[in-house]
Amino acid sequence: MSALTITGLNKSFGGLHVTRGVDLNVQPGERRLIIGPNGAGKTTLFNLITGELTPDSGTVALFGQDITRTPSRDRPHLGMARTYQIITLFGKDTIIHNVRLALLGLSPTRWNPWTDLRHQGRFTEAGHKALARVGLSHIAERPLAQTSYGERRRVEIAMALAQEPKVLLLDEPFAGLSIDERRDVHKCLMAIPRDVTIVMIEHNMDVALEFAERITLLHFGEVIVEGNRAEVVDDPRTREVYLGH
Amino acid sequence: MIDIFTGGSKLRFIALAILLVALITLPFWVTGIYYINVGSQILFYAVFALGLNILVGYAGLVSLGHAGLFGISAYATGYMLQLGAGHGTAIAVALIIGVASMAVFAVLSLRSSGIGFIMITLALGQILWGLAYRWISVTGGDNGISVRGRPAPFGFSLSEPINFYYVSLIVFLVAVIMVAIFVRSPFGAALMGTRDQPRRMNALGYHVWMIRFYACLFSGLLTAVSGILFVYYTNFISPQTLALTSSAEVLLMVISGGPGTLLGPIVGATLVVIIKTVVSGFIERWNFLLGAIFVAIVILVPEGIVPGAIRLWGLITRKRAATPTASAATTERTP
Amino acid sequence: MNFWIVLTVNSVTFGGLLFLLASGFSLIFGLMRIPNLTHGSLFMLGAYVGGSIVIGLFGVKLNFWLAAVLASLTVAALGAVIERFLLRQLPGDQLAQVLVTLGISFMAADFCLMIWGGDPMSVATPEGLGGFARVGAAVFPMYRLAIIAIAVVVAVALWMLLDRTRLGAMIRAGVDDPDMARVVGIRVSQLFTIVFALGAGLAAFAGIIGGPILSVYPGLDQDMLPLALLVVIIGGAGSLLGSFVGSILVGFIYNFGQALLPELAYFVLFLPMLLVLLLRPQGLFGRHVP
């Protein structure tokens, strides 16, 4: 059974078609890269998968279960987590509190109005574990306002990992990072075990290429090419999209 | 339990102990019933402000209809007593009506946050005011409803100003403890998350609407409690209590003291009640002053008095300690 | 039979007054994204200032229409001052701006009480409009018909202003997307002042011409502001058509409610708002939820 199955997904804003009949089939454990130039509809596709946008037509299924009409807030509970392209963290709080919020989101404890969150040690422990996976547990108590951009990107990933997703959606995890920071993020991603299926969007092809097993090229909301790394890189249509000839 | 308030700090523990002793002994060192009554007013308005602060400070939802909710609980108490109900029944009914009204407010106004929430709560509050004013067969219109007598649980007559003060103090302390526990709880953390990043909270699996709705109910409960104390204090309720001015007064308590802090609304309520009491002693123009303070606070001290003072205190103590712990922070960048 | 006709005329008249009040409110909302909570005060201030000029309270005595124009201009200038010197201090902070308008409304209400006292001021119907018009068996008060006519003329003028002039095009651009308008070189800040003054002037004008039928009293501001809010919630923010339809609707519900269910008139107003909020939260003609 596929981890993520998308069939005939359409979305338009006004007269503008942002995704047109997109089909996507991601196997469990796969590392899938979705590339395409700016405006290809990559982030829209993510928002459709996570339910932040509702498709005009088409379906989204997670491990065979149709979730097209499932509210977006319920999808993390079904094993889907995402990171954001524009970092939307809780800037007034510490790193560990950010991760704690991610953990709390999936726990029934989030409705509890009478215990002290700081005394709920399991969230802090699990939070430290998730931060260790991205190499940040040593600065867990640091306020987010005092962290670098690269560190925040890793906090994003730690929050997603903390939710122990079955399918992880990464929205341009390398965007805006320095070479060193890219290496750090790359290391975190490579360490993610195979029971997590990963779908990653990247605008810049070179960065994420070695990470991907299968690649989907999106252009003007349509899937142009799909295949393994070599197939997509060598395909003339890829060059046309990226090089314009 | 105690370190909810002190954060383990000895200094804060001592400060709180002094404050508590001061509150308990207040009737013995102020001269005259007048000041004891001012004390009671501060206490129940502080409960009201704590309730509004749940929304304004912790949920990021500014309500301009809270006087309507405060008033409807007061009216419910008065009306039930007029029908001949006992104090217990009247109070229970008033609590239920207050919280139920808040639920209706919430269902309608939580369609939007921000400015839309302000507009809708304002309109709803004005509708309750209009009802109080026009639905004469129930509310008595402009004449309002008079309440005869205060309850006397176990022979402890609340008609005595000192006794009323102590009951207000107990209610106030319970409310403060409830709010203190609430804001440190997982639910409190979730609520503040929806204030700062609602979209992100949704993506993390939180039901943002429902979290806000429950927060509204808690706010409504504290508001109803304070409304009931109010009607027993004044023994009278009229449409004036539900007017927009009253909603603005309590909002001023919250934003002047410092929204999103535990101490802020209490300090704000103290200031507003004292200013109002003192000012009304020699001029009639309270509303003009209210408006002027409002404009001044919003433009000059937008964060409120308590956070402002804390920041000032931090600046002073840091200067003394002069340990640049924060300098390890790496530079900020934007994509 | 006559009862219903009178009630209908009263409803349309009141709707016309509301339109004068709410169209400016809605434009300000559309452009600046804030509900101007001084709008009721500006209405009341216009009524007091205009009424005072008509009866010559401050040594100036003019005929009704000149007084109306003079008072509207005065209040429009006050609106410009509020926008320039107070709201401008808080650029982009809508919440703070709303709270400032709230504060000013209290100051204005107390100011009026100080100057004009607590007794209602009655304003005489302008000369020549005190009579009745007979159509068949029905009798219509001339002045109410005049208000309807004025509201229609103002509505057409506003529509022309928005649809046919350069200023109108800039306002529309600003309502649609303030950032975009700024990018294409429209001086949005100046536009804010103009629209705020225009809205203030219209509210004041509504206050004066409403004077003879509503009379002028302390608390008039708090009676009118929620109605303007309702019109905008129902009609949709920033839409002229929405203000028009919303005003007429609220005018009817308010008047019929008062005549048939006097005790619950305010509550009846709640129903259309409830329906709109549940079924179409952006308002009948609005484009987005505020």
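The letters A, B and C name the chains in turn, as written, and every chain counts its residues from 1.
The definition used in the following text is that contacts are C-beta pairs under 8 Å (C-beta built on N, C-alpha and C of every residue); 3 or more make two chains touch, one makes a residue touch a chain.
Computed from a predicted structure; not experimentally measured.
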Statement: Common contacts of chain A and chain C, by label, are B
- prompt: Compared with chain C, which chain's mean CA position is the farthest off?
  reply: A
- request: Please report how many Å separate the Cα centroid of chain A from that of chain C, as a whole number.
  value: 50
Query: With chain centres defined as C-alpha means, what is the inter-centre distance between chain B and chain C in Å?
result: 33
Message: Between chain A and chain B, what distance separates the C-alpha centroids? Give it in angstrom.
response: 42
- prompt: Can you list the residues on chain B that touch chain A in the complex?
  reply: 4, 181-182, 184-190, 193, 196-197, 199-208, 214, 218, 326, 328-335
Query: Considering the complex alone, what residue numbers of chain C touch chain B?
result: 33-35, 37, 86, 89-90, 93-96, 98-100, 102-111, 114, 222, 225-226, 229-230, 232-233, 262-267, 269-270, 273-274, 277-278, 281, 289-290
Field: chain B-touching residues of chain A, taken from the complex the two chains share
entry: 50, 52, 72-77, 82, 84, 86-92, 97, 100-102, 104-107, 109-118, 120, 142, 145-149, 151, 159, 163, 175-176
Field: chain C partner contacts - residues on chain B that touch it in the complex
entry: 62, 64, 108, 111-112, 114-116, 118-120, 122-124, 126-127, 129-131, 133-137, 243-245, 248, 251, 255, 285, 287-288, 290-295, 298-299, 302
